């Protein structure tokens, strides 16, 4: 049962990672990446690593996400997407 | 107690970290004097350590007192002490040069960045732990990228960004290798791994070693991973180019060598022909591009691509107690000193003529004779003429190749030397023979000319003091 | 990059993943049992939480260098930041955000203090506490109470580098014990707490700096973001 | 299969995805995302593989904490460089 949850979480990780690279919209890519970071925090909790879970949520998803969103404003609007 | 407190080994890491952060604290481009003083002490410490290691053999410093595998070990053996000596010997004259250079070209962040860069190099050469090496690698990369970008010119920021992305990808591959090794063996200590890996490593170890090797080669800019180097090294301010070309790319070469001699010795034979072939390709392609470029510093940067190739020729010839290892370290030394001298000289030439092309050099020999002499001396080392360190390195390589009947490498070594002669003479011909092209001429501080000369002279003279160097390398590997 | 080359890259990545998965699946247990070694030495490490013990004692040297990595990133960013692109003065934010900040920031500072203290016994420590402090600083910036940093003052620089210098000084002073960072077991707990306290403050400032050096004027409209991607 | 091994395999897939992304994508921001995926993959392998027997191992956990901080530092520097280029009108995002 719990392994089924882990398998679902693994799939969600891979899907969000893939979308953050493949989705044509840059803003959506960054949002997917933040989702990926939060899922990673969940994975760390499942791996009995609460310290990493805390750091991943705060630094990996939070700070990196804030930096990326802020950067989007700087050069996001002037360009189109990228092929995956 | 006093003994351990005065041990030079940990201070080689503490000192540059300390003066780098103090330089950041005082800010506003100051900190040059601090750096020169710190580096003078570091050079003395490296010499003391070399004498101690020669007398007492290799030694381990267990950080935290735990010892591997729980803690992190620092290891000073002949190879690491040789690299430490090279680092301090190149950095001290360059710091004197940089103080004068940045009085001409305003710059505020050079000193803290350079301090962290040197701390990273010293820490890397002493580390005997795969994960700790990863941290030192990242420290080194970020410092190098910061130095490339610091001028803020678009071309430099662009080169720095490319360099950073290559570097981060390479670190990622290396880190994956470390993760696999920890998973397989439960330790990341070099000394602990060596007996565990054994003579016939499993698939996971081969993959890990492959990923780590690929990452390190990309950071060393070995052909075909050289694409980022000319822009990053050629466009940076002269003292930065000198640090990067003389030292930074050597650090990852050192890691490849350290791993090939240590835990992954069983796999080194399989990779050796490939490394040798890439080295040969680097020599030919790099020399050719150096010969065909029109910019002084691009020429010197492409020459680095070529000279890095020689370092990798040692792998197919590597055998215990053979000449190849000595050749490799001598080449690292000779090229480090000569290339630092060449970039320093190129910086003087560009500042004094105000131009960055070979054409701009016409007739400059009469204006800055010391600098031209330094450039020529460094050229002697790159060509491999006696009695220079470069000659000795190439001689040892040829000796090793002949001993093992591998004639092909001899041709590459000699051909590379001829190409080097061609591009060095191209510069000298412009400077000496042609009539002055420009009436504008900017006077540069003497300290710059003489520090370039000192480096160049050292690159030639180490050929004469090779006995001591060989004795140092004779210090057995590990404790 | 042309299509065959792209295909080759994808093929290579798939092959690599396949090989790695194969290698990982039939892996025997590791020869060295480090968790046991950690547990054995935990009582002399000065803290009760194993991850903190590894981070600040057994492998504290990694952590020392890692703080230098963070400082370096900030140094590089300051070197390339364009002074005119950074908002020098905090802009007026809406009152709701200001109110939120004035309530949340004291709570966040409390939380950081708790995390710092808790790290000795359970999950938490300087990194998490520093991250919370950084988040508080970012919130203050968004609320218009804290300006972006173009060129940090001497005091700010002292705050940024102070934690690192304390760590370095302790590491060097402990050479008298026989090795870099060799804590005497009787004082290990106090020294680690001293280092962590310094690190919490400096990490908070550095992590905040990574954001605040980049922070640009919030004025620029983000028109056209939604229409990107038609390449 | 243990959770540790499952997450290690996930990490391998993330690493390969990120590696392909860094090489194939052209926008700087995407390549920064891709490099972060590589890092996350390596972190998962580091902890997952070490804990494949179900025993918690604090050593790789501490290493990953170090790695996360290094990754955010690198990301911030890369973004700063990319933004400087964008502000000078030389960058394509």
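The first chain written gets the first letter, and so on, giving A, B, C and D; residue counts start at 1 in each chain.
Heads up, the rule we're going with is that a contact is a pair of C-beta atoms (placed from the backbone, for glycine too) under 8 Å apart; a residue touches a chain by one contact, two chains touch by 3 or more.
Source: prediction; values computed, not measured.
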Shared chain contacts [chain A and chain B, defined touch]: C, D
Farthest chain (mean CA position) relative to chain B: A
Distance from the mean Cα position of chain D to that of chain B, given in whole angstrom: 28
Inter-chain centre distance, chain C versus chain D - centres from mean C-alpha coordinates, in Å: 15
Touching two or more other chains - residue numbers and ranges from chain C: 16, 20, 24, 27, 30, 34, 38, 51, 58-59, 62, 66, 69, 72-73, 76, 80, 82, 127, 207, 210-211, 214
Contacts with 2+ other chains: residues of chain D: 8-9, 13, 15, 17-19, 23-24, 32, 43, 45, 49-50, 52, 56, 59, 61, 63, 65-66, 69-70, 72-74, 76-77, 79, 81-84, 87
For chain A, residues contacting two or more additional chains: 26, 51, 55, 59, 63, 67, 71-72, 74, 76, 79, 81-83
Touching chain combinations (by label order): A-C, A-D, B-C, B-D, C-D
Contact footprint of chain C on chain B as seen in their complex: 1, 4-5, 7, 10-11, 13-14, 17-18, 20-21, 24-25, 27, 61-66, 69-72, 74, 108-109, 112-113, 116, 119-120, 123, 131-132, 135-136, 138-139, 142-143, 145-146, 149-150, 152, 157, 160, 180, 182-187, 192, 196, 202-204, 207
Chain B contact footprint on chain C (complex, rising order): 16, 19-20, 22-24, 27, 30-34, 37-38, 41, 57-62, 65-66, 68-69, 71-73, 75-76, 78-80, 82, 154, 157-158, 160-161, 164-165, 168, 171-172, 175-183
Touch list for chain C against partner chain D, complex: 1, 6, 9-10, 12-14, 16-17, 20-21, 24-25, 27, 29-30, 34-35, 38, 50-51, 53-55, 58-59, 62-63, 66, 69-70, 72-74, 76-77, 80-82, 85, 127, 207, 210-211, 213-214
List of chain B residues in touch with chain D within their complex: 131, 135, 138, 142, 145-146, 149, 152, 154, 157-158, 160-161, 164-165, 168-169, 172-173, 175-176, 178-180, 182-184, 186
For the chain A and chain D complex, residues of the former touching the latter: 2-3, 6-7, 10, 13-14, 17-18, 20-21, 26, 29-30, 33, 36, 40, 43-44, 46-49, 51-52, 55-56, 59-60, 63-64, 67-68, 71-72, 74-76, 78-79, 81-84
